[in-house]
Each structure stands twice: as structure tokens, then as C-alpha cells.
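Shared chain: chain A. Partners: chain B in the first complex, chain C in the second.
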Partner chain A sequence: MLIKKFDYARWLFVMPAIIVVGLLFVYPFLSSIYFSFTTKNLLSPNYQFVGLDNYRKVLADPDFWNSFFNSLKWTFFSLAGQVLVGFILALAIHRIKRFKWLYRTLLIIPWAFPTIVIAFSWQWILNGVYGYLPNLIVKLGLMNNPPAFFTDSTWAFVCLVGINIWFGAPLIMVNVLSALQTVPQEQFEAARIDGASSWQVFRFITLPHIRVVIGLLVVLRTIWIFNNFDIVYLLTGGGPSNATTTLPIFAYNLGWGTQLLGRSSAVTVLLFLFLLTICLLYFYIIRKWEKESK
Partner chain B sequence: MVKNKKTIVSSFLSHALLIIATILAVFPLVWIFLSSVKGKGELTQFPTRFFPKDFTLEYFIHVIRDLHFIDNIKNSVLISLSTTVIAIIISSTAAYGIVRFFPKLGSIMSKLLITTYIFPPILLAIPYSLVMATIGLSNSLIGLIIVYLSFSVPYAVWLLVGFFQTVPIGIEESAQMDGANKFTIFFRVVLPIVAPGIVATAIYTFINAWNEFLYALILINDTSKMTVAVALRSLNGSEILDWGDMMAASVIVVLPSIIFFIFIQNKIASGLSEGAVK
Partner chain C sequence: MKKILFCSILLISIIIAAGCKSKSESEATESSEEASVESSEELSGDIVMWHSFTQGPRLESIQKTADQFMKDHPKVNIKIETFSWNDFYTKWTTGLNSGNVPDISTALPNQVIEMVNSDALIPLNDTIDKIGKDKFSSNALDEAKVQDNYFSIPLYSHAQVMWVRTDLLEKYNLEVPKTWDQLYEASKKMKEDGVYGVSVPMGTNDFMATRFLNFYVRSAGGSLLTKDYKADLTSKIAQDGIKYWIKMYEEISPKDSLNFNVLQQATLFYQGKTAFDFNSGFHIGGVQANSPQLLNSIEAYPIPKVNESDPDYGIETSNVPLVIWKNSKHADVAKAFLEKLFEEGNYLEFLDATPVGMLPTIDNITDNPAYKENEIRKQFEHAEEVITKAVKEGTAIGYENGPSIQAGIMTNRHIIEEMFQDIISNGTDPMEAAKKAEMKLNDIFETVAVN
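Presenting the complex of A and B:
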């Protein structure tokens, strides 16, 4: 019998990454869970263990529930818009023959915007006094007084979601487009010879081929949008009067505004648990799809 | 004949849709650029002119020279570059190790990536800031670089696994027969083949670090050490920074991002869809 020598080389390749991920995820995660059971704050070094007290207070706080529902709305509408717009644009580019590259290149520009520039540019475009869009609306006679885009609660939310769609749709578009290219061309032709309508082609050939990729994209985007802090923080800061406060903003205000790190940790742990549940659900669906396509 | 007509109509509609979408997509970029070079007073003029009447670079000069914005740009470049170099070294070895020695792990890469995604940055930010304070790295660029590895390494490993999977094993086997060890094979044989993928991943890592905001906001308080985004945020709303300055600063921050992005968009997207089906 040959005793296999312990192969240290292969571990050398993966060790640095394992250490980095371990230190940057496992330790902070455990420490957040720990702090969520304490009165840890930013001001004093002393804190006590208080059991589930933070969770009880958070779950009884109407502001928490307000942020939670804002997060749900923010995620749902942004995601639906990004997927819809991204998909339609990808199908349009896939269909045409000329200028493909040009459209594609120009359409991904929003994706490259740093959040601070997203905030500055849109605050300037929608500015109540000097903004290009409000002035255009008045000039074209669409409204006498343009809406107060960032000071009215409803409009602020609509603007946030709209800007997030503007920012995120290109990512969906580019990925759907490259997934579309993996669909075997013969199947299209065969379907066309059989006289299938474009809707049937889309429904029975295109969609089954790309849905696993789309599913994965949707999972990644859901998490990303739900966890997003900077777009909301820089555009509205959660205002006016908490109308756009999402959970990450709420947790940030608790931790760095009122210095209650323990309670803030409890919020972030709840946020994590919620996302975990959503992801397990998605994985279940995607696994079913993968089995079907095999 | 009927079919032909239908194709023409649908292609016309596609073009119309794409033109409208393109205008919406590029308008903010065009607008910040035009606003950044308009003469003093033109920004607050009625009716709003689309093109500038007087061309000026005054805002750019003010932002870079008087507001010491150049220091913040240097910080951002330094942080993004260091993050990229460290992340790529760690990730390319890891990705190769996964593909060649732990193939089972390679098949669940997407799930592993998503697992790291579920951790809300705001959850990680609290322990990060406490730990950095304890080890004396709060308010330091090194601390920020370490924290940036948390989002750049998992994503880079995931992208790179996709690229390494395209390397045919036959090439490596023949090198092995010539007596090369694992490390020689990795550096001399495999790396040159995946170099384009590594470049694309590096640029993507750089852009993400360049655009990051939350950790930079929480970990850095000293104006001279702030990244561009946080420095701009801290000046926003104050008297020293008016709309013209903000537009000029925006142009400076957004241009490198966009230029790099256009180069790599193809590779990043195909990496994603290939990674997803594996």
C-alpha cells in the first residue's frame, strides 16, 4: 500500500484567501452577534450583558418596522425595474444588427458611476431651483410647478428607486446579453421553421436556457440592493422625515448617531437573518431549475 | 415578404428604444461635464442653457488647488491600487488552487460568493471600526486597505475561477513531465494564459475600491486621509463647495471609472454567465 504524502503545496495556494476571508468575515460576524447581547456603545469602554434586551427593544420600535418596510419596498421596486429594463434592453440589442457595440458601451456608463457622483449629478439635475429637469417640465408646460423631488416623501422615494434602476439596469443588461449568446442558434432556427411565434421562442427556448444565470443575478442583486447603504445615504440621507430610511441607514444612525452599538448590532443581525432566509428560498428554486434542465 | 416587413418594424422599434435609453443613460454624464465648464453665474441663470456660453476651467482649478482635493485623489489612488495588488495576488493563487486541487469547491463557487454577500457591510462595519481602534489602525489607510479585501477577495476569486477553468490541463501535464513543480507551472505556464482575465479582474477590483463609500466614511475622520468620495461628502452643503465645484469634482472622480470600465465590460460579463452555469 502506498501512503500518500501530505501535499502541502496545494494548501499553500488557497491558505492566504482562507485566512483573509476567515478574519474579515467570521470574526466580525461572531463579534457582532456577541455585541448584540450587550449594552456596548461608542462612548464608554464598559458594557454589560443584557440577553435579548436589544432585540426586544428593536422589535418594539415602530421606526425599525418603518425602515424594514421601506427596505422591502426599495428592494422590490428597484429589483423589478432593473430586471425589466435590463432584460428589454438586452433583447433589443440582441435583435439588431448595427451599432450593437456602440449602444452597449454607452448604456453601461451608469454602472461605472461612483455613488458620490450619482448623488451629485442627480441632485443637480433634480435641484428644486436650478435643476434641468424641473425647469424643462415647466418650459414644456407639463406642470405649473415641478414636484419637489427630494423634499416630498413620496417623490423622494420614487426618485431613489428610479435612480437605482438607472444605475443597476446596465448590469442586468450586459449579463443577460452574454447569457443570450450561449443559447444554441440551431434551436432558434428549428423553432422558426416549425412556425413558432417570437413569444413562443422566448418562452420555450430562450428563457429555459438563461434562467439559471438570471436567477443567480437576481439573488446577487436582491442582496446588494437590500444591503445598500451609500445610494440612500448620499441622495436623501433617509429623509424627508424617515420616508426613505432603510435598515442599513437605521442601523447606521443607531450606531454612529446615538452611539448604541449593541442595539445597532441587533438590527444588523436581524438584517442578516432575513437575507439568509431569502437566499435559502432562492437557492431552493434555482436547484429545482438546474435539475429540470439536466 | 410579410416576415421581412415584421423584421424591419421590430428592428426599427429596437433602435428607437435603444436611442431613448442611451440618452437617459448618458445624460447625467453629459450634464455634469457641461456644468463643470460653464462660466461663473451661468449655473444659476434662467432659462437654463444647455451648452456653456463661456468656457472656463476655474472650478477644476479651485477644487484641485484651493480645496487640496489632490491629496484626497492621491489617497484614493493609493488605497485602490494597494487593495488591487494584494487582492489579485491572494485571489489568483486561491482560484488556481481551487480549480486544480479542490475541484468540488470550484463547482459551488457561486454559492460561496453569495454567502459572503449576505453579510451586510453595515454589520461588518461595527466590528471593523472597533478592531481597527484596538490595533491602532483607525484613521489609517492601511486599516482601510485591509477592510477592502473583505469585498474584493471573494469577488476576484469567483471571477478568476471562471478564467482558470478555461486553461486546458494538458498543457500543465506536459510541463509536469518536463519536471516543473506546482509553483513553476503556476507562474510560468498558467499565469500567462489567464493574464487577460487577471487584468480584467484587477481593473474591476480597482473600480470597486475607488467607488467604495461606507467603510471609508466610518473608518477615516481625518480630512487629509479621506478618500475622494468621503472628502466630497464632508464638503457638500458647506459654503466652500458650490455646484460648479461639485460638478468639476464629479468629472474628476467619474472619468477613470468609466474609461476602465469600457475596456473590461465584455470579460466581466462573460465571466459571470460562465461562472453561473458551472
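Presenting the complex of A and C:
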């Protein structure tokens, strides 16, 4: 009979990673779940177990639903814009024969900037008093008064999405460009000999080769955009009048604004459950595509 | 022989006496040195100070005193960290939960009671007694008095007043507004290319809209809190105030002020973009740094009232305090450093970092020739008089009925700012928006507040 010996060395090597992941992910995650069932707040050392009360209050709060729908809109429009712009840029650069590296470098610049720099730069450009763009619009006689980009609810949302597309499209572009370069050239040549139109080439050759990459990018970007906090917080703080308050901003305001950490934790748990559902759906579709391509 | 014997005895006695004296003197000197060494030995340890004096001269003044203190007490190390006032609130509330709070820090007056409520501070009665309790204004001290304990020491005072561009007033041949209606009319007339009469800040990352509403309500003797510490935004005077500032925003203010915080608001005045503004004597330093050519064209006046004949109820005073945190392992060092900051030379130098902006909280400093000699103080003598009067009459926002945690919550949660934005952006009826904000505030009062 063989007795399997416990491999200490293996565990020793893995342990640092387990500890780091445990401290940085598992502990905050479990504590969020725990606090979501309590009256925990930042100012009082004592708190009580209240069961599902926080969830009930959060789900009955119209501001939560407003933030939820804002998050959906913010994610959908940002993602659609990023994929569309990134895809078009990648296709364009793929066709360029000379100085491809230069265009690629120039277009990736927005992605290279720290968010804080991007936020302050755009705030300066769009500021209704000193801003370059609003004053240019007035000087050109297009409007009598400087447009209030961050003060009008609709404009504020449009500006945020626009800035996010400008910021995120380069990542999509670089990845799609890499995927495009892996498509076998002989398939294009064969299609052209067979008389396929440009659309048919794109639909039946290019797209099937790169859709898994795009699918994975969409999964990652959905999570990142839905959870995005910094760019929204720095540009509008969720205002005006909660018009740009997404769920992470709502959770932050509950936890650090009103100090109701228990209720804020309930929001983050709901956010996690929602994203988990979306990701499972995405992965189901990607697995299906992978099977099809095999 | 007897004479020789007498002289010898006398000489020996003198020598012995001299010896004894010199011995006792040297003993005294030694014991004093020992005491000094002991006192140096008594004070040892690393302490952390958080403060929000981010501007150069104030920062340097505090650092200089800390350096001197460390020189006097070589075993002491003081690490100073600075944060903006807004960051500071997040920093201490989160730090309190993780045990990451400093030994000593500045605080905003209406946050001190929240800190006390969280059992985060130690009483400073002994330190106050050492500095001299009688020297302090009792109003300033009482802001952090809970039962018989004082939990903070006011470092400096300032009050909100109305700042006016006198050159623009002259240009338009206008008098200094004394009522809110006069301010509206004057602001309307003074709106010209590139200059706004007044800016109405409502950003949800600060408490400026709460402050502006409080100006209006307090000027008529009202309060944003009821006597039983409930939010009161639906009273007639509060509703009049809300409607007044909405009108001012819509007709006069730059539209971006909907998102302004204190610095963005002040910057407009510093750069000559607004004819009127509300702030303390800190505006002098801001204008001096940004637009020195305007320094002769600004002056401070009392905040307008609803009716000119209304009595002076007092509006908003800030007695910015220092506190010592319960988590401190070297509270003795922190207290000794706190005393050092109040030593006359250090204190005068600190006040001189922002003349007229920071008014002393201890008596007799203003009589000191070194205090009076400052050029800015001489130039802005009238402004200092107006602010000093306002300091004596006013309180922190919501402290009209005494210090309360509810006042801090009302000021720091920005729910009133959300209410203003809701009215402007969504066209919500002011009464409906006020009821919603009142409910939100009272909900938090019940959850967090322990009276």
C-alpha cells in the first residue's frame, strides 16, 4: 500500500501567495459580507447584528436604483464606445503600411496617463468659467454663454462617457490589433480569389478569428467600467444631483459620507452578485464561441 | 592671642560657610541640571501630528516650533503630516477604525463632538490650566466641553464675513449691501464681462451650500437645527433662504458653481472674478498671492440681514482647535508640544503666517506691539474689527443651542448640498426637496448620534 507523503515544500512555496491573497482579498471580502448584516458605522465602536435589514433599506432606496441604472448606462455606453472606437482604430492601423508604430504609440497615450492627470486636465478644459473649450465656443460665437458641461445633468453624463471612451479605447485597439495580426493571410487571399466582398471578408474571416479576444476584453472591461470609481469621482463626484452617481460612488458616499458602513457593505455585496451573474453569462458565451471555432 | 584665635576662627568659619554655600549652590545647580536632564528624560517618544495648514507660512511655523521642541527634548521625535480639511475627515473616521490616528491633530470645530462621541479624544483640562484657562475665550473653550471636560484647545479663531470689491462698488456707484435684497440688486448690477456679482457654491464635496444657507437663516435669528437637534430645513426662514440662494444661482452665479468647493469658490474672488464673496480674513492672503493689484480694492463688511433693522444674532465662527487622541502612547509629549505652540513667541509667529486670517484665541496678544506692527493688519484694520466682532457673536454651524454631534453630521454629510442640486438640476420643489433632506439627516442622526 502506497502512503502519500505530505509535501511541505509545495505548501511552503504557495503560502506567501495564499497569505497575500488572503489579506488583500479574502479578508476584506468576508468582512464586507459580515458588516452588511450589521449596523457598523465609522463613528461608533459598537454595532449590532440586524440580519437583512441593510439589504431591505438599500433595495427600498430610490437613490440605489438611480445609481444602479446609472451604472448600467455608464457601462453600456462606455463599453460600446470603447469597443467601437478601439476596433475601428485597430482596423485602420492594421491597414497602414508605413509608420504603423508611430500611430500605435500616439493612440495609446491616453491609456498611459494616470487617472488623476486625466481628470484634472479635462476639468480644466471643460470648466465653465476658465475652461478652454467653453470659452472657445463663446469666442467663435456658437453660444452666448459658456456651456456648462459638468453642471447640466445630461451633459455631465455625456462628457464622462466621452472621456472614458477616449481613455479606454486604446487598450481595445492594441489587443484587437494583436489579434488581427494572427489571422492567416492566405484566408484573405483565398476569399478575394473567390470574389468575397469586404464585408464578407470581415464577417466570415476576420471576426471569427478575433471574437474570442474581443469577448475576453468585453468581460474585463465590463468589470472595470462597472466598478470604476476614480474617474467618475474625480470628474463629477457623482453630481450634479446624483446624475452621474454610479454604484461604487453610491457605496462610497454611504460608507464614507454618511459613515453607514453596514449599509455600504450591503451595496458592495449586491454589486458583486450582479457582476458575478454578468460574468458567468459572458463566460458561457465565450466558451460556446471557443467550441464553435474548434 | 585671643585676637589671633578669634580671627582664625572667623576665617575658618567664613571659609566653611563659603564652602558650604558654594557646595549648596553647586548642589542646587547640579540638582537643577539633574532636574533638567530628568525633564528631558521624562519627555521621550515619537509622536505624529496631523494638521491641515497646507499653506507655506503656517506649515513652516508649525514645523519650526516642532524642530525647536525636538531640540529642547532630544528624545522626542515629531512627525508632521498634512491633509486638506476635506481629506482630514475621511482620514480620521477611517483611521479610527484601524487604530491609525495621530497623537495630536487639528480639527474642525464641528467635528470635535463627533470625535468625543467616538471616544477618540482625551480631556485637556490640565493643559488648559497650564496655559492659563482665563486667557481663553469661554465661548471658544466651551465648544468642546462635555460635562466638566474640555476635549480641545482653540488654536485660532475666524468668522465668516462679506468680502467686497470696493473698486467695483465705486464704479457702479453702489453702497455696501446691508440686506440680502440689496446684495441681490447690487450683484445683478455688477455682473459684467468676466466678473460675476456673486458665486453660489453647491458642490457635494464640501459644505459650502450649508454655510450659505446658514448665513441667511442665522441672520434672521433662525437655526438649521431645532432645539431637540432635528434638522430644520422646512421652517419659513430656511425655505426663504433656500429660495434666495437658488435665485442668486440662477440669475447671477457662474453655472459651474453647482460643483464648487471652498477652494474653487475662493479662487474666483482671488482672481477678481466675483464682486462679493463670503469668507474669513483668509481672503486677504489669497488675493495677495493671486492678484496683488486687487489688495487695495477689497474690504470686509458684516454679512447682510433680512431686514436692516434686525438685531445682530451672530452667524458663523470657527474656533479651530487642537486635540489629543486617546490612542496616543505619548500623550505627555503631545501635551507639552501643545503648550509650546502657545508660548508667546511661537504663537505670534504662527498668527503672523496669516495676518487677519487667524485671530488669537488667547487674550492680550492683540495688545502686543509685535502683533500690531504687521503691515497687513494695519492695512486691514477695519476688516479685523469686523471679523473680531463676528467671532464674538457667532458659533459653529448648528451650535446655536450648544455643541452637538448632529451639527457635525449636518455639516459634513453634504445632504444640504444634494438638496440644492436636486432643486436646480431636477426642478424639485424646494419644500419637497427640503423634506427629503430633513428625513435623510434625521435618519442618520438616529443611527449615529448618541446624545
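In this text, the second predicted complex is superposed on the first by the 271 of 294 C-alpha atoms of A that agree within 3 Å, B and C clash if a C-alpha of one lies under 4 Å from a C-alpha of the other, contacts with A are read in each partner's own complex, and residues count from 1 in each chain.
Convention: contacts are C-beta pairs under 8 Å (C-beta built on N, C-alpha and C of every residue); 3 or more make two chains touch, one makes a residue touch a chain.
If you're wondering where the values come from, they're calculated on a predicted model, not measured in any experiment.
Asker: Of the partners chain B and chain C, which touch A:Cys279 in the superposed model: first, second, both, neither?
Answerer: first
Asker: Check the residue A:Lys139 against both partner chains and state whether it touches chain B (first), chain C (second), both, or neither.
Answerer: In the superposed model, A:Lys139 contacts chain B only, not chain C.
Asker: Per the overlay, which chain contacts more chain A residues, chain B or chain C?
Answerer: B
Asker: Between chain B and chain C, whom does A:Phe150 touch in the aligned arrangement: first, second, both, or neither?
Answerer: second
Asker: Please indicate which partner A:Val218 is in contact with in the superposed arrangement: first for chain B, second for chain C, both, or neither.
Answerer: A:Val218: touches no partner chain.
Asker: Determine, under the contact definition given at the top, whether A:Gly237 touches first (chain B), second (chain C), both, or neither.
Answerer: second
Asker: Quick one: classify A:Ser178 as touching chain B (first), chain C (second), both or neither.
Answerer: Only chain B; A:Ser178 stays clear of chain C.
Asker: In the superposed arrangement, does A:Trp256 touch chain B (first), chain C (second), both or neither?
Answerer: After superposition on chain A, A:Trp256 lies in contact with both partners, chain B and chain C.
Asker: Regarding the shared-chain residue A:Leu43, is it in contact with chain B (first), chain C (second), both, or neither?
Answerer: It touches chain C, and chain B stays clear.
Asker: Once the complexes are superposed, what residues of chain A are shared between the chain B interface and the chain C interface?
Answerer: 127, 129, 256
Asker: Touching residues of chain C toward chain A in the complex: what are they?
Answerer: 90, 93-94, 96-97, 114, 117-119, 203-205, 254-256, 258-259, 268, 273, 413-414, 418, 421-422, 424-426, 444, 447-448, 450
Asker: Where on chain A is chain B touching in the complex?
Answerer: Going by the criterion above, the answer is residues 7, 9-14, 16-18, 20-21, 24-25, 27-29, 31-32, 35, 85, 88-89, 92-93, 95-97, 99, 103-118, 120-122, 124-125, 127, 129-130, 132, 135-136, 139, 166, 170, 174-175, 177-179, 182, 198, 212-213, 216-217, 219-220, 223-224, 226-227, 229-230, 233-234, 248, 251-252, 255-256, 261, 264-265, 268-269, 271-272, 275-276, 279, 283.
Asker: Give every residue of chain A touching chain C within the complex, in rising order.
Answerer: Those residues of chain A that touch chain C are 39, 41-45, 127-129, 145-146, 148, 150-153, 236-243, 256-260.
Asker: Can you check the complex and tell me which residues of chain B touch chain A?
Answerer: Of all residues in chain B, those touching chain A are 10-11, 14-15, 17-18, 21-22, 24-29, 31-32, 35, 43-44, 46-48, 89-91, 93-94, 96-98, 100-102, 110-111, 113-114, 116-128, 130-131, 146-147, 149-150, 153-154, 157, 181-183, 186, 207, 210-211, 213-214, 218, 228-229, 232-233, 236, 243, 246-247, 249-250, 253-254, 257-258, 260-262, 265-266, 268-270, 272-273, 276-277.
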